[in-house]
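Same chain, two partners: chain A is paired with chain B first, then with chain C.
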Partner chain A sequence: MIRNARKDTLIAYVLIAPFVAIYGLIFVYPTIDMFILSFQDAPLITFGPQTAEWTGLDNYTRLPGDRRFDTAFWNTAYFVLLSVVPGTLVALAISLGITRLSGRLQSLVLALFFLPYILPVSVVYRIWDWTLNFQFGIAMHLFDTLGIDRVPIFKTSTWFMPAVAFVTIWWTCGFSILLFLAGLRAIPAEIYEAAELDNAGRWTVFRKLTWPLLWPVTALVLTIQLILQLKIFDQVYLFSIGGRPNDNLVMVYYIYQRAFQNDDGGRAAAIAVVLFLMVIVVSVLNFQLLRLAERKT
Partner chain B sequence: MADIALQNVSKSFGAVEVIKDISFQVKQGEFVVFLGPSGSGKSTLLRMIAGLESIDRGKLLIGGRECQALAPGQRDVAMVFQNYALYPHMTVRDNMAFGLRNIGMKEKDIAARVADAARILEMDALLDRRPSQLSGGQRQRVAIGRAIVKEPAAFLFDEPLSNLDAALRVRTRVELAQLHQRIAATMIYVTHDQTEAMTLADRIVILNDCRIEQIGTPLEVYTYPASRFVAGFVGSPGMNFLDAEISTSGKEAVATLGDGSRMAMTISVPDGGAYELGIRPEAVQVTTGRGDTTGEATVVENLGDRTLVHTRLNDGTSVIALDGGRSQIAPGDTVTLRFDTSQLHLFDSAGRAYHAD
Partner chain C sequence: MKHLMGMALGATLATAAQAQETVVWWDFLSGGDGVRMKTLIDDFDAAHEGEITIDATTLEWGVPFYTKVQTSVAVGEAPDIMTYHASRIPLAVSQGLLQPITDADWEQMGLGQENFAEATWNAVTVDGQQYAVPLDTHPIVLYYNRDLLKEAGRLNDDGTPMGLDSREGFEETMAALKDAGVEYPLGSVTADGNFMYRTIYSLMGQQDGELLTDGEFLAGDNADKLQNVLTVLQEWTNNEWQSTYTDYPATVALFTSGEAAMMINGVWEVPTMKDLADEGRLFDWGAVELPVIFDHASTYADSHAFAIPANNGVDEGTAKRDAVLEVMSWISDNSLFWATAGHIPANSGVTASEEYSQMEPNATYSSLTQNMIFDPQSEFSGVAGPMFDVMSTYFVPTLNGEMDPAEAVEEIQYELNDM
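Presenting the complex of A and B:
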């Protein structure tokens, strides 16, 4: 068949046009607007040319001295530290266990571990509030019988972030497990048989074969987790209810406060830009570092 | 290097018995080929020797040592897999050294062994490459090298040539034969390709339906197949089979074929009656003189040095006959066939074979 190249190109443009239009309208345009907004003193509710005022870099220069920004920044970093690497290791360990099972049992166990992932965050919050609530939580009764003092886990800043990180790992590791399982299945069984004949013990097999062969998947899981956890908001918001939100601030929560509670669109946009750059820099850096490490092994 | 003995070995997967009471012995330095169709249990048997499948009943002796309960690494065997099973993230050197490092050998000795193997297999230049940078044939060499460095009691090959293209397969086959002559090691080789079996083996073990059909040298298996199955499986093109009525008197017998033609032969069968008559294509000559029967040529395959003439007898039976390289026969021609009655075989209804003298 002779094809008309001009016509093909035209059809291609027509076919992608709806996507480009929607993507531009609800992603590109707001993003550009956010950058513009971050240089203005702009209340959100009455936002418009008549109220917005250009303030240059003011919104940015105020950030280093902003105590709440400081809290949000370090809490986010702390949360990422507590959730990304431990969550990845937990998912790896569980998937290594699941891959040893076979048939229906494997599917069943996988389904059980994946189940939390399909829950909405409000349900996750309810489950763990019922479990860890200071007054009514099931775990507190367990503490009582064991003779341990009750801990108001979500009301103390020492326990808040570790507890939210734990709940987040429980909630999201099903997806990582799935990725790891796919990676493990891609390693041919014959390689393990060859290793058996090569006198490799279980630890050697993991260290010299499974770990390096699974590394690309591990890098992917780490990067996905990193981006996801930098954007932490819902869990912190829900668990902070009735607690101490200003001590538990994370970046997105602070943006929410500035934008929708203080009606300060300009400063919220500035924080959002900082988070945006953080996500890009950290994830690109992360991915490059992981690739470098891969080339060395 | 050692001899290997299987004594009354059996194995089941659940309720399905896949190896039924097999016994045989591989002599030291011998090249034994397990030949059989898929599902015959040949690969399972090899994997049982390697230790990758358990042995349910019976004994496995390698060099006189009972091995059926030992881990694969402790049996002192090396295996070359069908898909090579190289460690993709390691260099060729590390692939070969991996097994030696696991038993705590000194790096200096490892380097010497790897260098030796690389020299034998002529792959010195490849040592620092990764498997993904190698061709199929080179990967095959690395897999063999990984076995050689271990200096095992026996080499086990699981259809090692089946992933290579036709030309490379022939070349690697010759190299394997040379390798065996050079290192004179005990080798067990699994294949479904009867050409590989015929060319490589000192002895062939023919497996069918989880049982041994025959053990013998390539020539024995080819000339005196023990059963109808072996006769049909070994040889290319395959043996001709024709229905025949046999009447006997002592060592003499007369066969009547389906098209009414008769031929006399010297053969010892217990009774007359219905048999299957087997004869290889090279024992059926196209002749211009007096023949045993005639048929119509349906397909003529000229191979240059010889010509295979596919014919159909009057009763519809197909027979492949042999003619010279410059055959003038065309499809549709009527040809006269002469059977070499000294190369006839008869098979009874149970598949037992009787050979003409």
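Presenting the complex of A and C:
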């Protein structure tokens, strides 16, 4: 059959056009607008007496001296540290356990671990507030019984980030477990049989077989987690309401404060651009490093 | 299709025949408030059948509500009338979100400055121009458990707590309650600095302290006055007189369960107490104006008001404007029912009425209208505004004994002036 190459191309363009149009309208255009806005002293919405003025790099140059930006930056870094690698390891450990099970029991246990992932963040917040509330939380009654002093977990800056990281891992590791399980099932059983014939110990099998063969999945999980946790907002916002919001700031929370509470569209955009660049740099770096590690093994 | 067209035609005819104005209404009133407002709206509709009908929507309180207002005004999709916090009006005016309420409007509504308390009137005024019609004032008050106070021997014959006139007196009451075995003499929302702001600002007002003077936050001895307040409140924590790290719902629960003998909270919790008492599940309770801890009485208040958004076509001289003004004046005149939600009606004609003076506990605490202070007029103030977040961040550690009051004041001063 003779194919008309030009016609094919045309059809291809027509088919992708709706997507490109929508993508351009709701992603590319706002992104460009965000960059432009970040060089202006502008309200969130330019209307009536409020106008935007060009201020050059002002919104950026004031960031290093901005205390709230400083808090937000380091809190985000701290949160990533607390959640990405630990979250991945927890998911790996759980999935290694689940593969040892079989049949209905395996499905049941997997479902139990996956269950938190389907909850909306508001429900997650309610559950953990119910558990850890200083006055009425059920965990506090447990503390009382054990004779430990009650800890106002979400109201002290010491415990806030670790607690939110813990809740986040509990909430989201179900998805990583699924990825790991798929990765583990893709490893042929023959390899393990061969190892068994060679009398390899459990640790050796894990270190020399499972870990390297699972590495591409681990790298994927790490990258997904990293990008996700850099953008943390919902949990921090919900657990901070009324408490110590300015001590618990993370990048997206600070963008929200600047944009929606202070009505500073320009300054909010500048922080958003910084976060945007951070995500790009960190994820590219992460991906390259992980690929390098893969080659070595 | 034919059916649809028929329906559309029918609808058009019906509107034409009745010439009924539909007023699109947005509010942020949920819970007990919301139920009462819906009753008022139904009553209004019934009283104006065939003339005006209200199409009401309730939105999420706080930042979501105010952001939606901002966007909808910019694109000309704002409602015809909306509820607004008086404390947010300076910000709204700077953003060009509100239409002024003109002298002609006031005249048409049959309302004016003489119908409102001075502080309330000033709260809706920016540069000599009014931008909203106040519906109520909602201050904070001291709730108390008569049974526990009686046991501790600190109840007056008229059923009010003893020692409301001085710091020493009030502390004596708390100490007596503690000795009588009460776990928390005072239930305080110590986990929520946003909320404590209301108490702290009241106590600053008791020393004539101001937050904002000539564009500077906590200038001069105002910082010391804030420090005085924080020091007193921290002492109460150290003496185990008030609950620590307690959030809003927990505070109400501590009070209603009898673990806390007194509670400082907004008047909007009055319906909660009334309903529980009606079901026979509450002790003998009451509510009074805040105790005088410093020099004189002073209480923080905010006001729910009605405003007309800009850019919505509800211009002067239009039939829609007439309808909106009728809604505002009718609800203001009938706001006695709104008082059952605990709020103090802003319309002084209503509060002067015979029925209102019979209403308890409203009548007991309505005296505080003389001592009300509102938020400073600034783009940073107002419920759910940036000033709240700064304060909250330092109030929580200070009130729970983690941070030195002097350090907190220094940090607050720095951050407020850095906004």
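Quick note on the criterion: the second predicted complex is superposed on the first by the 293 of 297 C-alpha atoms of A that agree within 3 Å, B and C clash if a C-alpha of one lies under 4 Å from a C-alpha of the other, contacts with A are read in each partner's own complex, and residues count from 1 in each chain.
We adopt the following convention: a contact is a pair of C-beta atoms (placed from the backbone, for glycine too) under 8 Å apart; a residue touches a chain by one contact, two chains touch by 3 or more.
It should be emphasised that the depicted structure is a prediction, and the values quoted were computed from it without experimental measurement.
S.K.: Should the pairing of chain B and chain C on chain A count as a clash or a fit in the superposition?
M.R.: Here chain B and chain C can both sit on chain A without a clash.
S.K.: For A:Asp247 in the superposed arrangement: first (chain B), second (chain C), both or neither?
M.R.: Only chain C is touched by A:Asp247; chain B is not.
S.K.: Pick one for A:Leu89: touches chain B only (first), chain C only (second), both, or neither.
M.R.: After superposition on chain A, A:Leu89 lies in contact with neither partner.
S.K.: As a test of reading the superposition: which chain, chain B or chain C, is in touch with more residues of chain A?
M.R.: Residues of chain A touched, chain B against chain C: more for C.
S.K.: For the combined three-chain view, what is the angle at the C-alpha centre of chain A formed with the C-alpha centres of chain B and chain C, to the nearest 10°?
M.R.: Angle at the centre of chain A: 150 degrees.
S.K.: For A:Ile224 in the superposed arrangement: first (chain B), second (chain C), both or neither?
M.R.: neither
S.K.: Which holds for A:Leu119: it touches chain B only (first), chain C only (second), both, or neither?
M.R.: Neither chain B nor chain C is touched by A:Leu119.
S.K.: Taking the superposed arrangement, what is the smallest distance in Å from a C-alpha atom of chain B to one of chain C?
M.R.: Nearest C-alpha pair, chain B versus chain C: 53 Å apart.
S.K.: Please give the residue numbers of chain A that touch chain C in the complex, ascending.
M.R.: It comes out as residues 43-50, 67-68, 133-136, 152, 155-156, 241-247, 257, 260-263.
S.K.: Can you list the residues on chain A that touch chain B in the complex?
M.R.: 188, 190-191, 193-201, 204, 208-209, 212-213, 297
S.K.: Which of the residues in chain B come into contact with chain A in the complex?
M.R.: Residues 50-52, 71-74, 77-79, 81-83, 85-89, 98-99, 102-103, 146 of chain B touch chain A in their complex.
S.K.: Can you name the residues of chain C that touch chain A in the complex?
M.R.: Residues of chain C touching chain A: 63, 67, 70-71, 73-74, 91, 94-97, 191-195, 243-248, 250, 253-254, 310-311, 379-380, 384-386, 389-390, 392-393, 396-397, 400, 402, 415, 418-419.
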